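In the two complexes that follow, chain A is the common piece, with chain B as its partner first and chain C second.
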Partner chain A sequence: MEAPGATEGLGEGGAGGGGEAGADFGACRDEEFERYSRQMIVPGVGREGQLRLIYSRILIIGAGGLGCPAAQYVAGAGVGTIGIVDGDVVEMSNLHRQVGHATSRLGMKKVDSLISHLRDINPLPAYVPYTFPVTPENAADIISGYDLVMDCTDNPTTRYLISDVCVLLCKPLVSAASVQKSGQLIVLNCPPTPQGRVDGKYAPCYRCCFKKPPPPSSMVSCGEAGIMGPVVGLMGVAQAGEAIKILISSLHLPQPSPPPSFPPLADQNLIQPTLLIYTYDLSSAIGPYSFRPLKMSPRKKTCFACGENSPSTLTLEGIKSGTPNYEQFCALPVPKHTLPSEERISARVFHDMREKGEIGRHVLIDTREKEHFSFGSIEGAVNVPFGRLLMRAAEVKRDGGDESGMLPGVVDGDAPIFVVCRRGLDSQEAVEKLKELGVDKGGRRRIMDIAGGMNAWKEEVDPSFPFV
Partner chain B sequence: MSTPKPPKGYFNILYFASAGSFTSKNVEALPAPLPLSKLFATLEERYKGIKESVLDNSLVTINLTYVDLPEGEEDDASGEGPVIIQEGDEVAIIPPVSSG
Partner chain C sequence: MASSVEGPQIPISVDFSGGLEMLFSNQRRHSLSIAANDKDGNPSTIAFLIDHLCKNLMKDPRSELFVLDGHIRPGILVLINDADWELEGEEEYELKAGDNVLFVSTLHGG
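Our next item is the complex of A and B:
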């Protein structure tokens, strides 16, 4: 897995940016001609475009649902050096979408698994493995060795970090994200412009588009919300397409740092920043998919990372030493739900008391999504997905109705109510909502949360429960 | 998501990602015209809590073009006066997605 050595036959180097396609761009070897001929004859590529790819270095951060398809095409196209960063290992639940891994490589580091797949596709590039996650301490050191970065990660913390470092190091960033049934793709910081330059229209960074991260409570991961393989795959492939295009056109080369009197770049040098949104609708046969290209704004004067005053707020040294604090930035106010202990019951105790008939008649509400519920549930549970419960609560409140309007047929009567969800957060909020609406009849009726949700049920009561 | 034309006197609003889960809708029609500055308040009235957990972090487009929200401070839009959402417009609420 050592880095260099795969570009022999093409003269020296490949060490990125600086050297324009020129002088000793040796002839492609026969194998290269044959391997790349179908893309080389596409108008706009040619021998020169191919050589630019061969002399380029791409860093792919994340070897998952986006990184796998992206890497396949980047490797296939013959990009000379391909770095891949990821600290995870291959799990069974990855395989429906992470097409660079295999059942035979379960448990292997994702980076090693993907690289073995890529070598099979194309042994010519140099593959550089980084089998650990990207962090504020290592980000700049890794990224500085590449011409272009692809953000294929899965959390907001690293997205802001990667974007910030790309701004500071003048690297273009091709960013994609995907969850459940939709995906987003955007090319950022391309062509790269020095931080703080705002005398013309320049490409935006991630923060120019998304100034604040969403509250963690509303963030859903693929593990929680699910993800369709083709949706994330499409975004990864599109990412590779943009990266290849940028390298072939040399758009990744940084704008030289200009003297103060340097005239602003002409507007045509700004690629219209575009956020592509892909939506795939399982429930509608009429509109099975849609692509929406959204016109974004150029670099923002007020941007924390690249705007007018950014050199005083964001530096490489700062990032390394913990400023800004990305963890904190992305984990701001979490409405923490911890009900008092008298309103909670452990899965084990609930099960045992129920078995012994000590609970008597009761209502058991399961607030998971119906797809989760369909895998299995506690006997007698009624499925009221959390979102629907919140909606009903809001409606009842708005229309000035009382608790009788809330979930008719489910919470009528006086029997105690138990609420269970996946991991025990939503259920606590549900208990609060029900009380807020008076379903607890001023405290005369017990409403309790089953602590830890179905996850705890599996651990404490039924190890065979199919928890997803 | 196929989008039917909004009825006369309405604009369409599309809810992507977590905006869609919050509202349980992909699209709906709201009465036009509506000043952009009133959009979030209008939605908050319909979907209590949506401002804090979705809208404040989302970007907004009108007819496929990003719009800056008048937050009082930076109105760098070129000072053409307040933006009004018109009948027939397509507004989209786009929260950041970060999984992959």
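Our next item is the complex of A and C:
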């Protein structure tokens, strides 16, 4: 390729020079020009912007639905060092959205699978694999080697941990999340400001925006609620865009720390913190798609991680030795209900008694969502999704009436009722609700929970059942 | 939906996102008319609106997914005209005609 200046090589001069990445790039300078030319001619990038990318190090935590598309664009753009952290292996149910993996790499560590794909896109960057999950013990050691962090994880515990370490190490954090048909994106801690500094308007951290995690009962994961590939993909791509912009504009460099007598930094140093929410829907009746930028507050004086007194509440040594306790802060779900054993029946026993005709005429209610039900159900089951059952129960309680309004298609009389759900939690609550409303006719009619739900049915009765 | 309180009403819109729409008839935007003043004659605030939504608009009985101990549950952001309600006075903010209030559930998947 004959471009002016090509013979100088991209890796020489400017942006610090030298360095391991620079030496690698020296050998293929023509390829670099050709490879990056279309983004280098975009106003605001240029040779200098490209050099900044080449000398930058990005850490992508999570090699899933967000991490795959994010990594593709970060690698394609020529970021010099790309670290990827994930302990999982590639599964079939990942492939509809995790575009950095492939059917031929099922069972491989996600990090290795994604890096093999990225090398195919661009062999020039240095790829650093971390084939284990990020933990309070290893987070600071890993993150300290990078200029910018992308949070592509899937749980609140890790999100709070990553943000806290980024505050302490002065690293900008590009964070995204997505479930079902919604996505969210926010740039945090950028430009980074030392912990505890509150004499002006500074960028917020994850805790400034999301002080407390939602209670576990209200949390849903992609595995439970489902996820549309293009929705999470868009969020991952947008993360890459923000990360590239930050590095090209050198916004990742920490704010200078003037002496206390120095006047506070002007407001223009704050980039308006913005949470972007993307909403998509499969039914046009619900509404059109939308991207909505929301104006968030700057760093909060009272923030546990970055506020005025935070140096006394959050330290790297503390995190390593278990303070704060992230698992406890984002407590894992605990079963809300445990019915007495006489109101529960195992999937195996229910199946066997039914086969032998020992149960007789009965009603079987399946409280899973109709999409789950559509994969398969126990013969004769009636689908009454849990939310609908609760709503009808509340109506019956308020307006009077009987269970026929609550459970459509359920025969009258005293035939026993069995309730099954996905994993055996909702069904127990449903049994309690039905009894509360007198459906058990003062104990004359039996209402029982199938313990462990369809998950147990698959394990104990029918291994070929398509449980999702 | 008209509020049961007599007196002047103000038109506002309320949006739900991040899954919260499921608690409100699976509808993302609701155009409402709410009382301009509460029963004590004070201007209606966000706290008044939240109570109104629970009593009149939420069909799903799982109110704990929206409020806990009388306040918005952790993990829900409230935005007044697309700005974090902390910039506007949180629950004390006095509603004006044409205001938009957005409730967003924080997502964690990825």
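Following the convention adopted for this analysis, the second predicted complex is superposed on the first by the 416 of 468 C-alpha atoms of A that agree within 3 Å, B and C clash if a C-alpha of one lies under 4 Å from a C-alpha of the other, contacts with A are read in each partner's own complex, and residues count from 1 in each chain.
Keep in mind that, in the parts below, a residue touches a chain if its C-beta (ideal position, glycine included) is under 8 Å from a C-beta of that chain, and two chains touch if they have at least 3 such contacts.
Bear in mind that the values here come from a model prediction, so they are computed numbers and not experimental data.
Peer 1: Label the relationship between chain B and chain C on chain A in the superposed model as either fit or clash.
Peer 2: Clash.
Peer 1: Applying the document's definition of touch, where does A:Pro215 land relative to chain B and chain C: first, second, both, or neither?
Peer 2: Both partners, chain B and chain C.
Peer 1: Once the shared chain is lined up, is A:Thr279 touching chain B (first), chain C (second), both, or neither of them?
Peer 2: both
Peer 1: Applying the touch criterion given at the start, work out whether A:Arg292 contacts chain B, chain C, both or neither, answering first, second, both or neither.
Peer 2: both
Peer 1: For A:Gln184, decide between first (touching chain B), second (touching chain C), both and neither.
Peer 2: Both chain B and chain C are touched by A:Gln184.
Peer 1: Where does A:Lys301 make contact in the superposed view: on chain B (first), on chain C (second), on both, or on neither?
Peer 2: first
Peer 1: Touch test for A:Gly65: chain B only (first), chain C only (second), both, or neither?
Peer 2: Once the two structures are laid over each other on A, A:Gly65 reaches both partners.
Peer 1: Thinking of the overlay built on chain A, is A:Ala102 touched by chain B (first), by chain C (second), by both, or by neither?
Peer 2: In the superposed model, A:Ala102 contacts neither chain B nor chain C.
Peer 1: Using the superposition on A, tell me which residues of chain A are in contact with chain B and, in the other complex, with chain C.
Peer 2: On chain A, the overlap between the chain B and chain C contacts is residues 62, 64-67, 152-156, 159, 176-180, 182-184, 209-215, 217-222, 225, 227, 232, 235, 275, 277, 279, 286-287, 292-297, 300, 387, 390-391, 394.
Peer 1: Which of the residues in chain A end up touching chain B in this complex?
Peer 2: 62, 64-67, 152-156, 159, 176-180, 182-184, 209-215, 217-222, 225, 227, 232, 235-236, 275, 277, 279, 281, 284, 286-287, 290, 292-297, 300-302, 387-388, 390-391, 394, 397-398
Peer 1: Using the touch definition up top, name the residues of chain C that touch chain A in the complex.
Peer 2: Contact set of chain C toward chain A: 17-19, 21-22, 26-29, 59-62, 64-65, 68, 73-77, 79, 82-84, 86-87, 102, 104-110.
Peer 1: Would you tell me which residues of chain A are touching chain C in their complex?
Peer 2: Within the complex, chain A contacts chain C at residues 62, 64-67, 152-156, 159, 176-180, 182-184, 209-215, 217-222, 225, 227, 232, 235, 275, 277, 279, 286-287, 292-297, 300, 387, 390-391, 393-394.
Peer 1: Write out the stretch or stretches of chain B touching chain A in their complex.
Peer 2: Spelled out, the residues of chain B in touch with chain A are 1-3, 16-18, 21-22, 24, 26, 47-49, 52-54, 56-57, 59, 61, 64-66, 68, 73-74, 76, 92, 94-100.
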